[in-house]
């Protein structure tokens, strides 16, 4: 963007030689932070992998309690949100202030829809007593016919293990949702600043780096969706 | 001191003055410190807070040794004893050893050494210090509320289902301390990659930077796994269900895997920066380029890389499969090699040098001796069969104290003494500090050598009382700890004294070659008046001699 | 990570390890968006088809493909310096190290004692 | 110098009573000590080498004697030397250590089995003959003894330093260790894994006896019921015999002679029936369904203590026919103890 490095912009910090250096440094720093996020979620993903192999039937039965349409809808929401974010970054780079604001608002909107759907899903689990802990109820898995389900009934010991699935489900989607909520908070702050024109004069680093964070949260979901909702649909018998 | 046994070159004390303007007096007021972005000030904040926690942790160590003076459980109750060693471990590991050299000396020097005005992200650097302080306060809160007795390893299911002490509070504290460490590491990596001065290529960087770079990789990639593990422990404790509880279908070994995935690399996080200090000190006091610069640099990176693949050697008797025990044992043997390479390279740096024995050098010699023992006893523990007898006994306690205290703490003190004139502009008192270095060395050996013997005898670690026939060795150990305590108190006293009364150091009292020695001490807030252009290799003493000569001629 | 020095250009003194800034156009983003939507449809569809062991493999392959597309285009890694590319790789490498080395234990436990 | 005779006596006694090296009281101990001394020698030589080099260079090249340093870049030959020699040494340690590990963790087939249950904060030893001991273990010398261990609560670790054996005692899983005592005497037993408040009180005494003394001890301290007999009673009272009756039409597979056999499971895999398998199959039956049977067995998680599980495992282990199972089914429809067979009391 800036062919002219001698122009000293207000955001240029004194310890960087050029603004370009500052910007690329920020990007690098953001990526390193995302590495820590990979490892953070990595621990959870590994726990999932292990217990899915140990308690396959329980994971199938419990996974079948999740709604694929809601999950797929949420995936589309997140992809749309990510797309708007990406266009938002472009808008900032070409200094289109109003487009940037619109895109950020759309990003937030899709993100909020995602969180809303997640709330609906959590609420359903709450009503079914599928929240791990003292009130967890396995009767639906031991005797699905009584609940009008066409599932195979699980042996009692295996039914208990559905709790492990739901623990991981809530831990993983919960951590993901927490990242979403933090992201929405940051988005609101970015929208306010963008409206004042803070990112319309070539200073796109905050938008760009937030974009990296937002896309990373998308990627986590891109894995969570198949792992939790999809790939257990067909018991291997 | 005569000219022939020191390289110390101080300005004429009758005429010397401290520089008018430097980072310490650049701004006044408490707020200017608490809101600073200056890496040097943050390093100082870290140095002070770390010292506080070191002495809290040290006090617990003292109480533990006092209790172990007699075989009977007589000084404190078992619960209190368990809380003492837990707090000693948590404070020393997470609040002292992990941030010790990187957050203080590293923070101060990395930007200067690569020729930058500051770390890449000054605000994140400050945030890291605040997180550290919050973590420290959280852990102290757990202590004040009644303590915690999980041991620093938080072993499940003990920590999740069987204790009613303040496990959650402590876990939150450690979690936050982890993020403090992540941000420090992140800042270092970015700074070393992107903020180097013109001409400062990778192979012109001081080995101190290489060591910190390697340690930072471990911080950034390892620590988040600890964070998620602690989150799972907390969730399991709160909801009573989780993935670590065997009665509910979980696996306690999974906790061990995840915990040690961080906590083994963590020991390299602790030792690597110390190795960086030793490289600088050995080179400076033998007036010689570090022998095999590239070998030392790459061995740091090799340790970081291999460090990720050896964690299960903490679990050899814990029910990991025999096959994976084999693999991890083999990899453990491989990770010992780079440390051996370093030791020999430092030793051969001395060869054909012109060696003097100032305090930092004494500490560095102490490091080399004690770290050699610490490293080789690590091979005992890495050898599968031997590990069965030695693990969970005092042998392992002695081993990691040799590496952590004999290694890292010696390196930390070497570094503090070495760069003290740079950080404060004043010299520490030489003879007193030599006394402290020797006291520490003697005290240390007296404390921990008997523990090897008592460990092979079978005395388990974390024991409040023990069979009477182990008493003589324990008494020796406690006596040594007393000496060691004196050795650690001395530097605090004379370093504080030197802040006001120490001799004025001048820019380059050691005549060292690093960029940090070419600027005034204490440095200016932006470090350099103009961006330096680096046109010499690291540790190029001939370049320094030419430069000094030139300055003399220009002034003359 | 030790290879970084090879990519450092000593001549570039003020901004080492750098890549020319590249702006991805909205058109490219739209293609990516459509790809992601299509593959979401595919993966949902595949879940309803009985494929045995292939089900999880296909689902994970599609998820990985989508993740790579997002990383390359939405996150601009395709146009970044090699430093950034190596960094991203290092993250996934370490994650794989965690998974494989831990699985090594769990899998070989079933092989019995000796 | 004058030292009061009382103090002097005390000091002499104190020093004499103190230990420097553990006794070698098992067949493994000499092997362990050999490796230990090898490693010790390696450390001493390594330390001496580094120390001598530092000292030598410090004297030879101190500033007073060598005012100007000679710059040396390094030496590939030397680097290779101190890479390859330590590597070779460490690999020797690896191989040696691994061999020792197999030796310690591979019980000989003729080992007698004793069960150990660890709980906060005591060790319970259960001999197959029904002898129970708390914080103590009596073993004969000259005979391999295998310990099958499990914890009821947290991690513990069973350590007998004089025998050079130690193994983690884990909740939810059997671990084993074996030794063969060589000398009569009493030895320390420690819990070496931190397990809570009274960790350091979770200690005990191992008594190694001559085989004759041991036989006498077993006879004197029997509780009257062997583990297998306890297991039989439990088998009936939990209603296991209703399904595992050995009848052709029974809903559960026959358990007679199942121990040690290769079992075909209904998910297609084949497993060796071991103690651990039996325990797991009682607690998590649905993952251990014998081929041809329906997954209808309820779980007994939380309903049987670890001691009860050991009884059941021991009972199934020794079950050769279904004769007595069917006897109990037809004659005693109650929770009465099964009749005692005297010859089963012996371990």
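Chains: A, B, C and D, in written order; residue numbering restarts at 1 for each.
Assume a residue touches a chain if its C-beta (ideal position, glycine included) is under 8 Å from a C-beta of that chain, and two chains touch if they have at least 3 such contacts.
Remember, it's a predicted structure, so these values are computed and weren't measured experimentally.
S.K.: Could you tell me the least number of steps, going only between chains that touch, from subunit A to subunit D?
M.R.: 1
S.K.: Let me spell it out: compute each chain's centre from its C-alpha atoms, then which one is farthest from subunit A's centre?
M.R.: D
S.K.: Kindly indicate the chain pair that has more C-beta pairs in contact than all others.
M.R.: Ranked by contacting C-beta pairs, first place goes to B-D.
S.K.: What whole-number Å value describes the gap between the mean CA coordinates of subunit B and subunit C?
M.R.: Once rounded, the distance between the two centres reads 35 Å.
S.K.: How many angstrom lie between the centres of subunit C and subunit D, each centre taken as the mean Cα position?
M.R.: 44
S.K.: Where the centres are mean C-alpha positions, what is the separation of subunit A from subunit C, in Å?
M.R.: Measuring from centre to centre gives 16 Å for this pair.
S.K.: Specify, in ascending order, the residues of subunit B that touch 2 or more different other chains.
M.R.: 193-194, 221, 225, 249, 253-254, 322
S.K.: Where in subunit C do residues touch at least two different other chains?
M.R.: Residues 14-15, 83, 90-91, 94, 98, 102, 106, 113-114.
S.K.: List, in ascending order, every residue of subunit A touching at least 2 other chains.
M.R.: Each of 17, 21, 24, 28, 32, 35, 38-39, 42-43, 46, 50, 160 in subunit A touches at least two other chains.
S.K.: Given the complex with subunit B, which residues does subunit A contribute to the contact?
M.R.: 13-17, 21, 24-25, 28-29, 32-33, 35-44, 46-47, 50-51, 54-55, 132-134, 136, 160-161, 163-164, 167-168, 171, 175
S.K.: Would you tell me which residues of subunit B are touching subunit A in their complex?
M.R.: Interface residues on subunit B, with respect to subunit A: 116-118, 120-122, 124, 182, 186-187, 189-190, 193-195, 220-225, 227-229, 231-232, 235, 239-243, 248-251, 254, 258, 526, 531.
S.K.: Enumerate the contact residues on subunit C facing subunit A in the complex.
M.R.: So the residues of subunit C in touch with subunit A come to 14-15, 18-19, 21, 23-26, 29-30, 32-33, 36-37, 40, 43-44, 46-48, 50-53, 55-56, 59-60, 62-63, 66-67, 70-71, 73-75, 80-81, 83-84, 87-88, 90-92, 94-95, 98-99, 102-103, 106.
S.K.: Enumerate the contact residues on subunit D facing subunit B in the complex.
M.R.: 14-15, 17-22, 31-32, 35-36, 39, 42-43, 46-47, 50-51, 53-54, 57-58, 61-64, 66-75, 78-79, 82-83, 86-87, 90-91, 93-94, 96-105, 120, 153-155, 157, 159, 161-162, 164-168, 170-173, 175, 188, 190-201, 284, 301-302
S.K.: Using the touch definition from the top, list the residues of subunit C that touch subunit B in their complex.
M.R.: Residue positions touching the partner: 1-2, 4-5, 8, 10, 13-17, 83, 90-91, 94, 97-98, 101-102, 104-106, 108-109, 111, 113-114.
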